[in-house]
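To start, I am sharing the structure in question, which I have written as structure tokens.
By written order: A, B, C, D, E and F. Residues from 1 in each chain.
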Amino acid sequence: MTGVVVRTRKRAAAADMAALAELGVSTTHEAMGRTGLMKPYMRPIFSGTQIAGGAVTVLAQPGDNWMIHVAIEQVMPGDVLVVACTSDNTDGMFGDLLATSLKARGGAGLVIDAGVRDVRVLTQMGFPVWSRAISAKGTVKASLGSVNVPVVCAGVLVNPGDVIVADDDGVVVVPRLDAAKVLAAGKARIANEDEKRRRLAAGELGLDMYNMREPLAKAGLVYRDEE
Amino acid sequence: MTGVVVRTRKRAAAADMAALAELGVSTTHEAMGRTGLMKPYMRPIFSGTQIAGGAVTVLAQPGDNWMIHVAIEQVMPGDVLVVACTSDNTDGMFGDLLATSLKARGGAGLVIDAGVRDVRVLTQMGFPVWSRAISAKGTVKASLGSVNVPVVCAGVLVNPGDVIVADDDGVVVVPRLDAAKVLAAGKARIANEDEKRRRLAAGELGLDMYNMREPLAKAGLVYRDEE
Amino acid sequence: MTGVVVRTRKRAAAADMAALAELGVSTTHEAMGRTGLMKPYMRPIFSGTQIAGGAVTVLAQPGDNWMIHVAIEQVMPGDVLVVACTSDNTDGMFGDLLATSLKARGGAGLVIDAGVRDVRVLTQMGFPVWSRAISAKGTVKASLGSVNVPVVCAGVLVNPGDVIVADDDGVVVVPRLDAAKVLAAGKARIANEDEKRRRLAAGELGLDMYNMREPLAKAGLVYRDEE
Amino acid sequence: MTGVVVRTRKRAAAADMAALAELGVSTTHEAMGRTGLMKPYMRPIFSGTQIAGGAVTVLAQPGDNWMIHVAIEQVMPGDVLVVACTSDNTDGMFGDLLATSLKARGGAGLVIDAGVRDVRVLTQMGFPVWSRAISAKGTVKASLGSVNVPVVCAGVLVNPGDVIVADDDGVVVVPRLDAAKVLAAGKARIANEDEKRRRLAAGELGLDMYNMREPLAKAGLVYRDEE
Amino acid sequence: MTGVVVRTRKRAAAADMAALAELGVSTTHEAMGRTGLMKPYMRPIFSGTQIAGGAVTVLAQPGDNWMIHVAIEQVMPGDVLVVACTSDNTDGMFGDLLATSLKARGGAGLVIDAGVRDVRVLTQMGFPVWSRAISAKGTVKASLGSVNVPVVCAGVLVNPGDVIVADDDGVVVVPRLDAAKVLAAGKARIANEDEKRRRLAAGELGLDMYNMREPLAKAGLVYRDEE
Amino acid sequence: MTGVVVRTRKRAAAADMAALAELGVSTTHEAMGRTGLMKPYMRPIFSGTQIAGGAVTVLAQPGDNWMIHVAIEQVMPGDVLVVACTSDNTDGMFGDLLATSLKARGGAGLVIDAGVRDVRVLTQMGFPVWSRAISAKGTVKASLGSVNVPVVCAGVLVNPGDVIVADDDGVVVVPRLDAAKVLAAGKARIANEDEKRRRLAAGELGLDMYNMREPLAKAGLVYRDEE
């Protein structure tokens, strides 16, 4: 199953992806019924970015970034490169040269369950990366993996063309065909939240706003005064 | 022992807490005889803040933030919410809505042995948080924990009303009744340090300033020249 | 083998070290044949710094910073203090007083396989530190270690006088006698990279620029269209 | 997507599963092109067992074992229960009562990306378990998850009905429709290995048996005598 | 607060402690309302032992076992030595000489949030140990800690004289004054479990025995057939 | 520096190595002044073995066991194969075929800072292995490393020909030229321990036997009675 590159052109609608980027990761994750979130060890190399794009997936061998070179040819403008590794690895598989190439192809960012390097230059370029580690450790180009096959990245299944949403809260994966539905659910949630935020800011308690007092009492919550 | 909310009003003197915030975590920890420090995995979501306040404690179930809603009602201006979890968990139990509510109640910050989310908004709000992780993972509201009971948070016992001091170096817990004594010890230490800093900056060696040469020799330290 | 301080004066040429600092960690590591890199848990306390200097090595006991005081006397201008620990430890062995002293001696930075504290002040001082952890945990001054003996720090052998290069990508150790050779190899690599960067930015694929298509095909890589 | 139980009856052929159990995890994993292996933190609670069976999958909330009770009704003789968790958790979700029930339904074993307890009794019962942790930590029964939906367990996608092969080397997942093909590849490999083992035991070198000397030399391997 | 040895003689009733040992950790932990359990990294060095005894607590410095020598004098027959460390440490603070001494004083076992060594001899002696690590790393005897003060060990507060229950599932701490009450609750639970075990073994489902079907349906659980 | 095989024949005296095996790891480590111990994550795959032998070192790439095949040719009877990896990796680089070959060459055991597989067969063969992990994950044979160069394995520098001592307490490395001296120191220590063991077993306290009461009092230790 390794050694395969799938040429694939299916993506979610660009407008839906842009709107998901605006919703952000936490809202999108809630809108998906709290699924699809990568493990929290995936962190941005610099903060303040929110992106969404179609996944070009890479399955790489530990310490070997050959398939990233292969994958870049498959990138369409707006895509996010998603690199999974066949075993846990923190080597710096991606640096400023690959970022230059990926950016030239229109790539919107990188999500990698391994390490990255040249982070100062990547930050200066404003090229968004979410990774497991920062490491200067160089890699070989010796063994095949695959491109655009389903991969498990940081605990989540990613199919090529799925929508990757990433910001300071982490990375969430929206199945391509669910994008519009998730977006609608997320927007409803947001609308809802503005009103809540206003009431909470005015001093109303969540206990009252969410009508939690009765279920808490039913569950057996007891109030006591300090002795 | 779960399912209890203790209404408690005892806090250390506000002036003492403000002075401890200024001393900072490392000095306070030294002034306590090197005790009371939470494990170093507790990190601020943004740097540069130094706070101190009375602890409102929460014991939560993993993946369940119901009791945080309950706890906010117990917060008095200047308090710090301290959330412990019955088992290790990184879920995003706290986000911008809860921060809005906690801030509206006068809460000074959050210390949570689990995850937080909406960190970009929390940063924009300037709401100080020390946490084990950043994670968009949503939580349920299904199981009781307790509020204002003694908890172990990141390796340290916290009683409700204890003084929480937190800055870029971490989080330290001062027992409420020890606050004045610790403050005095801390101030003495600081006074002491200014003089030391001046002498060290002028090139004096710690070896001489602290009179270490004799005890080192007694302990058997040997100087050799490179061969 | 503990309880020894070696007075040593051998360093690489200052100009070579300055040039290695400019090359940076990732390039230097590649120029060394991908060796010498410390484990990626070694992170700077603030970003944007690139340094290189001769190693003054310290072998410390866990929770004991006595030997750091001893080591500072051995520091020559431009040196980097490298602290290894006899077992894994995150205690805050180094803070602003030690930094003041180390800076007064001309020390260029600290690399420590343990914790540091007073990070806000260290950042204001602009004193560069790479560490395993940030922790306010205080240390004792009770047991001997050694200064300027070979140590293993974060997975790499460091001999006194070796060149330490550190930046946002991590920390790499260049054996003193290899400094000039590594510098030459690194410079060749950099020259090479500028041309590559230009071609990649212009849209040329790494696949073509590096002539990877043939070896990939030979290795058995197969292209398929999406079904 | 949570709150769903899928009643499913598709399994691989029992004889194929039995044969895969005999091949064991390492051979099966190789026969699959080195894919499908769960992360190595999945360890048996006692050694010496080799099993294979059809997966009944569970997606559970952290600290909540309600869905395991639901799942047991869906177990057919020979099945392996596979429990994934929506976030990392080590709580003891499964103990001797659940094992008694699962065994009564014909369940062949448990693979759980969380904790188990009552391990002494489970060992006495000879009930095979692979888990992330051993923990007495009790769980609630408060929130829905799902049964027999695709899950990611310890880094691998598991579809209901996939073949789970587990032994002292870990746990590997064979897609249901690939079982026969993988079995054939594994048998070929085994046949092959017996001959190799005999030759190696007789002192022949792998270097010669696998004809590695030429490719090593081509890759640039150099032999030197000790100075 | 360090440098103190408290001579203390209060223990729970020996019969209650013996009965808690028989209940075991998981049942005791449930009987306490799911509290008091140490983190699951605490593992026995050999399996099959179930003990309970009164805690003699030690607060040690990392890499320093001086206070263990001090503590052994305070041990009464049947006591369990509980060693906490002021920061995370895996050094081998305890070996066969200390075990010989502790056993001679009637000590029932050791619970240590650090490392142990001489594990082969300890196993031959049948001396029960629960630890964070096995490590030959030697320790110094240089800095004071305390004996019989409250400590946090592996995430749980332990007061001197508390009942320590430990078996293959881990370690749980029962406050001294709660021992009889917890024992009663545990016994009720066990009685209850025998009947449940019989019914489950006979094929009855937990879903029915625990009347879960209605609450599951209310919570929204949906059954579907495979497509 | 990679791509080199050094043919080397220097070993410590066989009798010294045999005697070090009998001393065991903890005593040897103490006899070396508490240096040379590998990190405690190195664990035996089965317990009860004590070995010592000359190191044949391997520097491998992550996920690539090519150099192990190369190294076996360099093994002399009684040698221990020591495998380090250029970055952290848990893949199963060594299994029963390699063990068969290594055993046929007279190899005494394996120490590997990565994973092993076929552990059931290795256990049946009685072939001693200390590793970082157990994992079925297969490896490629694609990239060069080196054989018999100095390596850092699990935190310790190993030179080819150094004496590797390993038992249930871990793995310690004795520099080849120090073997006789370390052995002498270890034997003195053992002789010493037998007498101590007898006295401790008879109830004498370490406090008295080691004359600790006075230094403890000088350090400020205070005894108090429970209030």
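By definition in this document, a contact is a pair of C-beta atoms (placed from the backbone, for glycine too) under 8 Å apart; a residue touches a chain by one contact, two chains touch by 3 or more.
The shown structure was predicted, so the numbers you read here are calculated from the model rather than taken from an experiment.
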If you check the contacts of subunit A and subunit E, which chains show up for both? B, C, D, F
Hop count on the shortest chain-contact route linking subunit B and subunit F comes to 2
When the CA atoms of subunit D are placed over those of subunit E, what is the turn angle between 0 and 180 degrees, to the nearest 5? 120
Self-contact between copies subunit D and subunit F, residue sets same or different by half: different
What whole-number Å value describes the gap between the mean CA coordinates of subunit A and subunit D? 28
When the centre of a chain is set as the mean of its C-alpha atoms, what distance in Å lies between subunit B and subunit D? 42
Taking each chain's centre as the mean of its CA atoms, how far is subunit B from subunit C in angstrom? 30
Where in subunit F do residues touch two or more of the other chains? 34, 86, 88, 90, 135, 137, 143
Can you identify all of the chain pairs that touch? A-B, A-C, A-D, A-F, B-C, B-D, B-E, C-E, C-F, D-E, D-F, E-F
So in the complex, the part of subunit C that touches subunit B is made up of which residues? 3-10, 66, 69-70, 72-73, 90, 92, 95-98, 100-101, 103-105, 115, 117-120, 123, 133-138, 141, 143-144, 148, 160
Complex contact set, residues of subunit C against subunit E: 61-64, 86-91, 135, 137, 140, 142-143
Tell me, which parts of subunit C touch subunit A in their complex? 24-26, 29-30, 34, 37, 40, 43, 47-48, 167-170, 172, 193, 196-197, 200-203, 205-207, 210, 212, 216, 219-226
Touching subunit B in the complex, subunit E uses residues 1-2, 32-35, 39, 86, 88, 150, 152, 155-157
